[in-house]
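Input: a single structure, listed below in C-alpha cells.
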C-alpha cells in the first residue's frame, strides 16, 4: 500500500479535478440558458406557440432527468421507476390546482408531500442495491401506477383533465401558465434553479460522501457517515426534484394521465441521462432537448418510433458510454484550466 | 365455492406455473452464470410464441416441428446477443457495466416487441389444437394440457440431468456458485457464458411453444413474464431448479386463487407485490454468500 | 521450465501496489514469499494467475508470456492457484470439486479422469470418505486439503499457494507442508506465501522478502544467516 | 484572455446551434396552404390516428382510408360552399400518429393548430385521448368533431367547440340486443357480466346490468379481468358455478380472445354468449369458437342510409369491412359531420361552422346523428349473430339479414 503521505495529495488532486469538471458543467448551463433565451426571442418574434410549448415540455422533462442523474450519477443507483415521483408531483399539483389555482400553494404541497412519499418509498427501495434496486424501483412504480390506473377518484385510466390556467406571482410580474413565452422563461428559470440547488448540494461535503459512496461502498462507514442515511437522503432529494418538475406538467398541458408514471416515462428519463452524460447534471438538460427533438421528428416521420428509440438506447450505451457531456465537458474543463493559468 | 371450482383453478394454475418455471430456468441459468439480468428474457417467449403461431397458421406445421426449427435458432441468437452486445460491456467499471447491460437488454426488449408487432401485428395469437377433453366430475382437463404438463416434466428432468451429469452442467453450477474459483480451475468462462446464454434462451423458446398451445401471446407481454421469472428465482434460489419449479407452480396456483377469491384483475399484480415483499424482507438473502 | 517475473508493476486505482518486482523459480523449487500484511504478496500471486492485470512488466512460464491472458487460459497453461480463502464450491460435492480441477488438463479421457480421481482418493483418504458431501460441510483443514487436491489433479507445472496453514491445527499444518514437499518432488514449481515463516522456510529452497511493493531481500532458505536477515527485513 | 474568448466562442456556437435547431424545426413542419375564408384553397382537416401503441389494433389502415375518403369527396366536387357560389372546395388531411399516448396527441393537436395551421380538427379516438385534446381546440377556437370518444361526461365540461360521433354511444350500446331479449323464446332469466378492466367497458356494464335488472333478467354475477390476463380458469369456474342464461362479455376484442377460447374449452353452457365488441379481429383470432355468439355492429351495408354508397366505396378501396374494423363508422362519421357542418355554414369560417354544429342534426348511413347541447350524439347499434361462420344482422327485424337462432345451439 501507499505511504500515508500520498493520500491527501491525491485526494486534493482529485477534488480539483472534480471541481474543474463541475465548473465546466456550470459554463455549459450558462450556454444552455443563453441558447434557450435566443430560442425564446426567436419564438416570440415569430409568434410561435407550438415549439415554445414543446421546448417547455423538454425543460420539464429535463428537470425530471436531472433527478435521475442525481441518483444515477452521484450514488450509482439506477432507478427504473423514477417516473413514480414525476407522476406523483403531477397528480398532486393537478389535484391542488383543481381545488384552488394557486401556484405557490400547489408547489408547497408537492414539496412536502413528495418528501414524505420519497421517504416512505425510499425506505423500501434502499434496502437493496444494483440490479435489484432497478427492479424494486420498477416494481414500486408499477404497483402505484396500477393503483392510479384503477382509482376512479384520480380519473383512472383517463387521467384528470381540465386543470385551470394558473397565475404564477413572482413579485414584480405574474406569469400565466398558458402564455407560451412567459411560461417557457419561467420554466427555464425554475429548472436552472433545480440544477443550481442540486449542484450546490452535491458540491458540499455531503455530496462528496456520496461520490465516495459510489466509488467504494465499504470504505465510507469509516469516514463516520451512515451510508444508509446518506443514501436515503439523496433518494428523498431526487424524489422531490422529480416531483417539482412533474408539478409543472399539468400547468403546461392542462391534464395528467397515468402514462406519466409508466415504465416508458422512467425509461425515457434514463435514456435522457445516458445520452446527456451520467453524473454531469447538465447532461440531463441537453439530453432532454436532444431526445425531445429526436422524438418529435421521428414521431412525425415513422410509425415505428419504439424501434428507433430502442436502437438509440443501444447505440448510445455501446458507442457513447459517457454520453454527450462526457465527451464535451472534459474539453470545456481543459479550456477553463488553460484560461485560469 | 365448491371444491370442484377450486380444484379446476388449481389444475390451471399448475399448468401456467409450470410454464413460468420453465421461463425461470433459463433466466436462472443466465443470471447465475453471466450475472446479467436479461430484461428481454420474457420477450423471447412473446416473440417466439408469435412466430410459432404464425408458422402454425400459415403452414400448418406440427408444434413439434415448429419447436425443432425455432429452438436452435433462438439458441444461436441468444449466444450471439451475449457475445456481440453484452460481453463488450463487461470490461467497463462495475457501475457502467450494470447500467450498460440494463439499457442494452431493455433496448432489446423494445426492439423485439416492436419489430414483432410491426411484422406480425400486435394482436394476441395462439395455436389452437382441437383436442378432446377428459371430464372428472366437474373438472375439465384437455389432452393438450396433459401433453404440455408432461412436456414440462420431461424438460425439467432433462435440464436437471444435464446439470447433474455433464461437464457443461458441472461448469454451470461451479460458475454460478463461485465464478472466481471456476476460472481458477480452468473453466473457459467466455465459452460457458456464451453457451449458457444460448441454452437459457433456448429454454424460453421451448416454453414459448408450449405456452402458445394453450395461452395466447402478444408481442408486448414479455416484461411481465420476466418479472414473474425473476420473482421465482429470487424466492426459489438462483441456480436451484427444483426450487424454481415449486415456486413457479405455487405462483401459478396463487394467481388462479387470487383471481377466484379476489378478482382476476389482481392476478398479474401478485408477482410484483411478492417480489417487492421478498426483496424488502431479505435484501441480501438470495445473493450467494460464500460459506 | 522456469517461472520468470520481470520488473512487474501493479496499480489498484491510484495506489502503486507492486513497484518493480523481479523473480525467478525453477522446476522442483519451492520459493517462499515473505512480508508483512499488505505489502503486495497476494497481489503478486493474483497477478501471476491472471486475476489482476499488471500495469507494466512481464510474466512468463517456460517462455510463454502470461500478460493479457485470462485466468482460465493461464490456468490451462499449467498454473494452479490455491487462494487464501480456498474458494471451495459450497454447493458441489467433494468429488465434483475435484472433477472441476480436471478442467485444467488439456488432454483428457474418461479413463484418465477416473484414474486421476482414484489416485487423489488414495493420497487423501479423508476426501474419499467424504466424496458425496458438499464443500461447506468440511472442516477447515479438509477444505484446505480439497483445495490443494483440486489443484494437484490438474497436473500443473506451477502452483501458487497463498497462506495455506492459517488457522489450522498443527497436525494438519504438517500434512500441508508434506504435500508441498511432494509437489516439489514431482518437479512442480511452488510459490508459497506463508505467515508461518519457520515452517515455510523448512520446505522452501529460496525466499524473497517484500516490502512496500519491492523485493528487499532474497536468499537461500538453507542458510541460517539468511534467516536472520529475513527476520530483520520484514519485522518493522 | 483565453477564458473570455472561449466563453464568447461557446455562446456563438450555442446561438448557431439554436438557429440551426429552429431552422430544422421549421423545415420539419409542413405548413398547409389553407386560408380561412378562401374559395380556392383546400379546406384542411387535422387529425391523429393511434397507428402505434395500445389502440393500434383498432385502427388498421385508417391513414389510407382517410386519404381515400378525401379523394372520394374531391372527385364528387369537394365541399359545396354557398359563399363561393356553390363552388366545390377540395378537402385535405394532415394526419399524425398519436401513438395511443394522450401527451403525444395533445402535442400534435397543438402543432396542427399553430404550425400546420389546419382549419378544423376531426378525430381523435378513445376516451383517454379525447379527454385532454378538447382544451387545445377550445384555446385556439377550432371546431373539433371527435371520433370514438364514447364517455358522455367528457363532453360536459362547458366546451364551446367540441363534438363527437361515437357509435354506438354507451347509453345506447346494447339497446337493440336487450330489445331482442324481450322478444325471444325461451326467455332468459339470468345474466352474468364479464368486464374488461377499462373505463368504457365498465361504463357499459354499469348501464346494461341496470337495464337487465329493470327488464326482469337477474344479474347473477359481475366479474372483472385485466387486459394482460391469459388464464381465465378462475373466472370461468365462477361462470360454470353461477350457470347464467346469458353471458355478457363487455370487453375490447383483443383482451377477450383467451376468454372466448377458454369458455369453449371448458364447455360453458348458456342460451347466448354476447360480446359487446364482436369484431372481425376477434373472429380472425378465435375462428369457429365465435359461432352462434351475438354482438353489436354499428352499421352494415344492408342498412342503406344517406352516404351509404360513399362509405362502401371508401371501405372497398381501402380493403376493410365494418366487421373487421367496427370503429371505422365513428371515424368516418366525424369526417362526414364536419363536411356537412361546413356546407351548412356555407363558408370556411370556424365561427359559422361552430354555430352549424351546435345542437345540429347530421346525416349518416346508420341514421341521423343528433347532438345534444354538450355535443354528444345519440347513436345506437344493430344486433348481429355469427351464423355458419358469417355475420348476420338479426335485430331489429326490419333491417335484419337473418333470423336470430335462439337459444344459441353451439352453447348447449
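General observations
We just call them A, B, C and D in the order they show up, numbering each chain from 1.
As a working rule, a contact is a pair of C-beta atoms (placed from the backbone, for glycine too) under 8 Å apart; a residue touches a chain by one contact, two chains touch by 3 or more.
This structure is a prediction, so every number in the text was calculated from the model and none was measured.
Taking each chain's centre as the mean of its CA atoms, C is the chain most distant from chain B.
Overall, the chain located most centrally, as judged by its C-alpha mean against the mean of all protein C-alpha atoms, is B.
As a whole-number value, the distance joining the C-alpha centres of chain B and chain D reads 37 Å.
Taking each chain's centre as the mean of its C-alpha atoms, chain C lies 75 Å from chain D. Multi-chain contact residues of chain B (touching two or more other chains) are listed as 265.
In chain C, no residue reaches two or more other chains under the touch definition.
Counting partner chains per residue, chain D has residues 197 touching two or more of them.
By the touch rule above, chain B contacts chain D in their complex via residues 1-2, 4-6, 8-9, 11-13, 16, 117, 121-126, 128, 133, 138, 140, 142, 215-216, 218, 221, 224, 252, 255-257, 259-260, 263-268.
Put simply, chain A touches chain D in their complex at residues 27, 30-32, 34-36, 38-39, 42, 48-51, 53-54, 57, 150, 155-159, 161-162, 178, 253-255, 257, 259-260, 293, 296-297, 299-300, 303-306, 332, 335-336, 338-340.
Those residues of chain B whose C-beta lies close enough to touch chain C in the complex are 167, 170-171, 173-174, 177-178, 180-190, 239, 290-291. On the side of chain A, the complex with chain B involves touching residues 72, 76, 78, 80, 124, 127-132, 134-136, 138-140, 142-143, 146, 150, 214, 263, 267, 270-271, 274, 278, 304, 306-307, 309-311, 313-314, 316-318, 321. Interface residues of chain C, counted against chain B in their complex, comprise 49, 51, 70-72, 75-76, 81, 83, 85, 87-92, 96, 99-101, 103-104, 135-136, 150, 154.
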